[in-house]
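Shown below is the structure under consideration.
A, B, C, D and E label the chains in the order they appear, each numbered from 1.
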Amino acid sequence: MTDTAHSSPLLVADSLSLTRGGRELFRDLSFEINAGQLVQLEGSNGAGKTSLIRILVGLSRYGFDGTVTRPAPILYLGHLPGVKAMLSPRENLAWHASGEGTYSDTAIEQALQQVGLYGYEDVPSHALSAGQHRRVNLARLYLSSCPLWVLDEPFAAIDKSGVSALEAQLLQHVSCGGAVVMTSHQALQVDYTLEKLRLDGGIVS
Amino acid sequence: MSAPGSLQFCRRLLRRQLTLAVRRPVEIGNPLLFFTMVVALFPLGLGPAPDKLADFAPGILWIIALLSNLLTSDAVFRSDFEDGSLEQLLLSPQPLYLTVLAYIGAHWLITGLLLALICPVFALMLNLPASAIATLALSLLLGTALLSLLGCIGAALTVGLKRGGMLISLLILPLYMPVLIFGSAAVKGAVVGSPAGPYLAIIGAMVCLAIALAPLAIAAGLRISVDA
Amino acid sequence: MRRAYYLVPPLPNCIIAPDMWSFFHKLGSPPWLYSISGAILRWLLPITLVALAIGLVWGVLFTAPDFRQGNSYRIIYIHVPSSVVALAGYYVMALAGAVSLIWKMKMADVAMQACAPIGAALTFLALITGSIWGKPTWGTWWVWDARVTSMLILLFLYLGVIALYEAYDNKVAAGKACAVLSLVGMVNIPIIYKSVDWWYSLHQPASIKFTGESTIDTSMLYPLFLMIAAFYALFTCCMLMNMRVEILRRESSTGWVKRLLFRQEHD
Amino acid sequence: MSAPGSLQFCRRLLRRQLTLAVRRPVEIGNPLLFFTMVVALFPLGLGPAPDKLADFAPGILWIIALLSNLLTSDAVFRSDFEDGSLEQLLLSPQPLYLTVLAYIGAHWLITGLLLALICPVFALMLNLPASAIATLALSLLLGTALLSLLGCIGAALTVGLKRGGMLISLLILPLYMPVLIFGSAAVKGAVVGSPAGPYLAIIGAMVCLAIALAPLAIAAGLRISVDA
Amino acid sequence: MTDTAHSSPLLVADSLSLTRGGRELFRDLSFEINAGQLVQLEGSNGAGKTSLIRILVGLSRYGFDGTVTRPAPILYLGHLPGVKAMLSPRENLAWHASGEGTYSDTAIEQALQQVGLYGYEDVPSHALSAGQHRRVNLARLYLSSCPLWVLDEPFAAIDKSGVSALEAQLLQHVSCGGAVVMTSHQALQVDYTLEKLRLDGGIVS
């Protein structure tokens, strides 16, 4: 559990169980996330993916059983984009509330270019389309130095070319010793061993 | 890239909050305009006898300052909650105590400070004796800081509620009452020529206590709200 | 039994004696609390009711009328006990809130929630009886006197806690939020009382005089003390009953509650 | 299935709005509690002398009713705007004039009506003579309807703004002022024993005018807000 | 353009042009939508799909050139779900703000069952997962009798089985004489002639 050993896990979940609204979503879930892993949480709508992710990153702290250990810093992107409508994409990244790093202006510009927002750096974010708005948030994937990424539906509202660019970036991250835990209702198209964690609750049809 | 120091991060947050406020001049102008209009309501509602108004001017001005603070503090964390920035703030490696102080500071700068600067105009409109104006401004300067600190506690506890509505006023108006009493007492004292120092000292002491404790309550409240 | 109910104390063991420690330990366990509160209620509730009845009959029927207020002063036997217990109730609530936040004890949460409505009801009773009393003595229903005003503020504080609890859908979060609020309120209560006292002495109104205090005679005092004690006991009973309901509600899906209900159905 | 008649649809909307309010008793209780607390602020700020308070009681009560109406009217369309229900309402085949009236009606029922019913308690607390209480209740009953109509105009115009904040207060406070003047004049008249009828009649006439015109302004405002 | 002739179009757009934020999104766009058509608007993020759709249904009324005629009633589902968090799914449908129809309780229950919300009819909607929340809105597709459906990313946040059920419902609608105009970043898997309208602006990568 120490941070020094190279092979230590980036996240340990120990016998997690959760019941919401009278429905048991999962029980006795234990797993470790190690460097180099690309894990996709699967499950139909309402299976408990978001609930599990919020427990993993530490936003839910009551109402479940089990423990989570987080030896490594985590980059979390959730359902909500965390983009302030009144600030431009550039300011959104420079003054981001996560307070994770101090980025140079060129770094931010490059990241915005990578997510296809070249030319929109200084437009107020509320004048962006739904997908562009989410892309501002995704630019953090090109800036962050956190080893573990936890992403809740990063592809929502992103167009096809955007999705493949993101997949490439995820691949790049895991092959450089990072790890990714993500949910998505679209199948991932990557050349990498994709581990799947299936939650079987939610809508049955 | 490297993680910013806590103080640097606070400065950055403060700058962000102020920029957000400046982007909508309406946001800054509104508490002041609200103040103005409610000042205008009083003569209309109470009847404009000038001597009576002067008697009551300290109380009226303080009540309005309190209301306009109440109305703005509801919004301190709300937009950050709704767009997800608050989640990111809670997960950040920075000490929440300090970041919360940055939010409070920004709120005070764009409501309390401005109000204190502009209040002499209203004081004159309500026939407050000129000798009491300095005390009024000073008491508002200190008192609104306390109001911001307390108001943010209410804001943090109610930000996650689907339709909190005016719940915040129920939670924090009782806490505002001592501020109102001491603040208006200071101004009334100044009107009749007795020293206002002791009252201001009490408010100052309360501000110190609140700076030490309120951020803890706010941090706890934010964590609860995001969790619920 | 699930592990989560046991405490994880930040206090070193030596600070709390072992037997006391095990008591504290048990307090965190819902089934134990449920059964012990049932046992307490079985004898406390009848005693309370008897004491209330005796106190009321004694105070209302068997004391001499006051020489200035006539019979109207007899409302004192409800007014004073309810005011005193309403004030004490806030501290009980805030302490329970502190325990729940610091030691993460779920049952303290339940206790805090149980206090709020009772406290609000008692405060309301004090205000109503006070107003009714005020009409013959002060000639008006309401006066902005220091004690009256601070009692009104206390009512707001209680209502705030209740409203906050109602507003949250997630009742665990609601408990935590109320704990924070009641702690903030506890820091503020002395400040509020001090300031209201001060405010009143600044603007002493001429037309109003308290007449009650000086005329109290020892023969009127004994039933009053009995009533105060009975109100404390009543507060405890109501609180325990509220807690039992809440415990059953929260634990409705666990084994011991199901067994309990099953047993009662087949009794 | 068949499209509902306009009146049936209005009833349905009214029921929906009232259900939404009842789901959170806090929503209903809050304007009342706000009223109570602000009533308590006045003696704290102005001093507790009962005869002076009684003098000001009509004005104070009316100012507070106005403020609590102002604060709640901001929210009338906001949640519907944010979750997209408002778009659906505008695209619906139903006449917008009537549906808007349903929103206003619901708002009046859960603020104005309740306030008028409960105001006698506050009137007693501020030592208003008992003879004036009926007039106070009646003037509030009529006046708050007018306030709701006007407040919804402001709400419709500002609902689309990212952070409307207190802009609404700016837009509609000037419109509120005549209501305040006539309303408090009616109660003041009743206190000194002069007939309050003429004032109430004026307010009634203004209500009729507003019912005829305000929904048009509101409908236009909503269309503009959704378009922006 | 009269409503009586069976073959009259359901929607006519005449030389629409739009410029936003200094970028020309489309120019002189003219088309008709007729019964039986399934039209997919394509384009990368920021291409102007949402802007076009809002013009078509009549929510945007200024700032563009051209005219739109709408002889037939339209069912519009946008980016925002229009689901009230404090009402249950059942109440949301029964009291829907669109005021389009009066549905019996069984009709509503059936529609909710079709979108996989059986058992969730009386849960407050804010206690639903992201996908379930959107499904409440999609249940209107099983209730409405409007001939023309205009849907802005109806598949967002919906899981795989949900998407195929929706595709079946769209197919059913167009084959019964309705028409659908929709946007989606996922490819539609239907056995039907899919017409595509491509907007070429937005993010280029």
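The rule is simple: a residue touches a chain if its C-beta (ideal position, glycine included) is under 8 Å from a C-beta of that chain, and two chains touch if they have at least 3 such contacts.
Computed from a predicted model, the values in this text were never measured in an experiment.
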| item | value |
| --- | --- |
| Partner chains shared by chain B and chain C (touch criterion as defined above) | A, D, E |
| Maximum centroid distance from chain C, chain identifier (CA atoms) | E |
| Comparison of D-E and C-D (more C-beta pairs in contact) | D-E |
| Farthest-lying chain, centroid of Cα atoms versus that of chain B | E |
| Separation of mean Cα positions, chain E and chain B [Å, integer] | 45 |
| Chain A and chain E, separation of their C-alpha mean positions in angstrom | 29 |
| Whole-Å separation of chain centres (CA-atom averages), chain A against chain B | 37 |
| For chain C paired with chain E, centre-to-centre distance based on mean C-alpha positions, whole Å | 56 |
| In chain E, residues with contacts to at least two other chains | 79, 85-86, 124, 126-127 |
| For chain C, residues that touch 2 or more chains besides their own | 153, 156, 159, 163, 167, 169-170, 173, 176, 196, 199, 202 |
| Touching two or more other chains - residue numbers and ranges from chain D | 20, 24, 26, 30, 33, 37, 40, 44, 47, 79, 162-163 |
| Interface residues, chain E side, partner chain D - complex | 57-62, 73-74, 76, 78-87, 91, 94-104, 107, 124, 143, 145 |
| Chain C partner contacts - residues on chain E that touch it in the complex | 124, 126-127 |
| In the complex, chain D residues that touch chain E | 1-4, 8-9, 12-13, 15-16, 19-20, 23-24, 79-80, 82-94, 99, 223, 226-227 |
| Chain B residues within the chain E interface of the complex | 162-163 |
| Touching residues (chain side chain D, partner chain C) in the complex | 24-26, 29-30, 33, 36-37, 40, 43-44, 47-51, 53, 124-125, 127 |
